[in-house]
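In this document, chain identifiers A, B, C and D correspond to the written order of the chains, with residue numbering beginning at 1 in each.
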Amino acid sequence: MIRKTVDNVQDALKGVKDGMTLMLGGFGLCGIPENAISELVRLQVSGLYCISNNAGVDDFGLGLLLQNKQIKKMISSYVGENDEFERQMLSGELEVELTPQGTLAEKCRAAQAGFPAFYTPAGYGTEVAEGKETREFNGKMYVLEKAFEADFSFVKAWKGDEAGNLIFKGTARNFNPCMCGAAKITVAEVEELVPAGSLDPNEIHVPGIFVQRIFQGEKYEKRIEQRTVRPRN
Amino acid sequence: MLDKNGIAKRIAKEVKDGYYVNLGIGIPTLVANYVRNDISVEFQSENGVLGMGPFPFEGQEDADIINAGKQTITTLPGASFFDSATSFAMIRGRHVDLTILGAMEVAENGDIANWKIPGKMVKGMGGAMDLVASAENIIVAMMHTNRAGKSKLLKKCTLPLTGVGCVKKIVTNLAVLEVTNEGFKLLERAPGVTVEVIKRATEGRLIVDREVPEMNI
Amino acid sequence: MIRKTVDNVQDALKGVKDGMTLMLGGFGLCGIPENAISELVRLQVSGLYCISNNAGVDDFGLGLLLQNKQIKKMISSYVGENDEFERQMLSGELEVELTPQGTLAEKCRAAQAGFPAFYTPAGYGTEVAEGKETREFNGKMYVLEKAFEADFSFVKAWKGDEAGNLIFKGTARNFNPCMCGAAKITVAEVEELVPAGSLDPNEIHVPGIFVQRIFQGEKYEKRIEQRTVRPRN
Amino acid sequence: MLDKNGIAKRIAKEVKDGYYVNLGIGIPTLVANYVRNDISVEFQSENGVLGMGPFPFEGQEDADIINAGKQTITTLPGASFFDSATSFAMIRGRHVDLTILGAMEVAENGDIANWKIPGKMVKGMGGAMDLVASAENIIVAMMHTNRAGKSKLLKKCTLPLTGVGCVKKIVTNLAVLEVTNEGFKLLERAPGVTVEVIKRATEGRLIVDREVPEMNI
């Protein structure tokens, strides 16, 4: 067994530098690497290129890095639940590259799986396809999209073991599995870190080979963006 | 003339037994409330869940179980969770049978614009471009005209496109229309709405080739 | 919940016809759809195109269809643990298309996920790439491979529920998940069929949306091809 | 001169702490027996398992747990099972650190042929083409010459290729060689084997640019 555990979030983020490209898992505020984000804030690294489906809210998630002006460019499918984001974008301080959500996921998966590029129908005939190669297969048009290239990938899982194996809970899975192994170094934070052998090999969502560092996060706030309930009666 | 719930109610009749359905935000979300109880339908949300149920009871919300609108949800027996790449495999691979989404504009050739207004803050397309480029069966739910009273059913979209030639059916507060090679074919009128009213509210080519029945909702 | 259960293997295979293209899960004899294969033999359908990593042994797995001369063409990565296979191939009765194993898996996954084609480095510069488009990305050469098109996909899982959700065991998983939803109709056979709600939604390997029909197999022989053991001492 | 176990033993020294390793059938399989106990290594098998352990005790074989050679195996703590697409994502995506496989021929430019002999029954390439096209670190384990005594280290492969320019290192019964831009660079001699013997057994360009040490195994 190849041990991937590091002692804490400081060790987990060693090597993160200004101007790097980072992948960050999560959908909205669900399944985001909360502890890695806090440490990025503490480290004050700046000029970051962030690949993440969303950009957090003003005071949580990637919003914390935005408040701190650490992000140079966001590559996302949906942003702007966030006033500071809007201000920086409209003022030109922040670059934004909007990418269809399925394309975003597959650009991660392509990087993980060693595919340099893929053809997808999403965005054909729209401004997303501008400047990109298009091609017909079986009478339908597709756009050629390239795999991402990133330095670090920060993901959050529910449980993980010393070998880096990960298990996710509910829809907190989202982009996290696709981002594992999609960057040079993948850092996984988990709610519960268990010894190797504690997880059933059949039930692992992401094998440890895709993860370079794993640690148990100190604290998870798990904020809910849209609390919706129905009355009991 | 229908209100938003009326539109949702009419669209719910398009949902057939055995359908996997992806509902967009807004009016489409309301459709789930009106689907018949005697048919089997599963709702997919692109953030990674199939078999969505109703909202949770107060106190039972789980931050780890949300829909694409970031709302807390529950799941029904037979549900499954999966990652984003798998979710879009379902969508792109045409395993989802029906996609219902809102629009700012639809053109008579089936083009749709629903993600960007130049000069305004752009939030992004989310999964909409994947959905419209892939689904075989797309229904648009929207008001027939915008707040300024201008038609949203056009000869050609004026806003940046979300997808080309993909919309099959449109349900508005005034009518049900099918996108055909010749233009918008009027299938049904909303209760109390005349063909004349629909004609005036439709900028794109409108085809009225028979007696147009009133909706039955 | 959309119910996918059918009563038996006969109902599960309704619509299978001569000359169809079938996908069959399994690696060697591990995780093969034993009951579907038996029914294919009983149905006597012929002229079949079979996409399967291997071709069974003389008296088990796809070897049973070969004995019966029901297969016109095999699309596989490794074959010939099987005398009858060799005889038919050398005599020209059987066509064989050999495909690198990773390419075979991805041609299934591409069909499942709506990708028409993909670029892979496997086979570049070899006879596998002959007649295929090649292309350079970042200084490395790739071959363009197309998604499979198949009529039926027969897979075997460990547990499944009425909604078609599947869970696999050990290395019997192999090609089965990639083949789900990769053909027009996917038929899953399982060792244990349980009511919807019995499986944890977090632990499902293949969501039911990729499966059209599911049934509990009557009998599983699960033959071992290479029984290897070590002495107790 | 080494026997098969000797070759495996020498290759085992190339396996470093923290490596994920894919072992081909034949001599490569033997390598697992000689890897040092004080380093951490995980073996991947392309049929969908990481963290392979030894063969099971008699009576504990499980038909559902095999390796790529279709042999019954066990798993070690930290193991995982996965599907074939994920398995080749590990391989193609260069997450596997070292690939060790056999060959019929290797050319001085790193080309390898190990899957097909024209005129003979062809069993197929299995995962070999994916492995050689993807791995950054490929070691070939083979006899220096074939049964007819002809060299397997050639100027140019005569058999259909498995991959081009991909082999980095070769360990044979006679020597350890590195594939360089100039040809096969002789790194080590097998115990008791002279440079002259290796020269005679090597058809491709052999580079002997220094005193060549005897292997230490």
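By definition in this document, a contact is a pair of C-beta atoms (placed from the backbone, for glycine too) under 8 Å apart; a residue touches a chain by one contact, two chains touch by 3 or more.
Everything numeric here is computed off the predicted structure, so don't read it as measured data.
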item	value
Given subunit C and subunit D, the chains that contact each of them	A
Label of the chain whose CA centroid is most distant from the centroid of subunit A	D
Separation of subunit A from subunit B, taking each centre as the mean of its C-alpha atoms, in whole Å	28
Centre-to-centre distance between subunit C and subunit B (centres being mean Cα positions), rounded to whole Å	36
Where subunit B and subunit D are represented by their mean Cα positions, the distance between them in whole Å	55
Per-residue multi-chain contacts in subunit D, two or more chains	49, 81-82, 85, 88, 91-92, 134
Set of subunit C residues in contact with two or more other chains	109, 114-115, 120-121, 168-170, 201-202
Every chain pair in contact, whichever chains are involved	A-B, A-C, A-D, B-C, C-D
Residue ranges of subunit B in contact with subunit C within the complex	18-20, 40-42, 44, 49-51, 75-82, 85-86, 88-96, 134
Subunit C-facing residues of subunit A, complex	114-121, 137-138, 140, 142, 146, 167-170, 201-203
Subunit D-touching residues of subunit A, taken from the complex the two chains share	1-3, 109, 111-115, 161-163, 165, 181, 195-197, 201-202, 204, 207-210
Residue numbers on subunit D that touch subunit C, as the complex places them	45-49, 54-73, 81-85, 87-88, 91-92, 111, 121-130, 133-134, 160-165
Residues of subunit C defined as touching subunit D within the complex	27-31, 53, 76-81, 86, 89-90, 98, 100-106, 108-109, 120-128, 158, 168-178, 205, 222-232
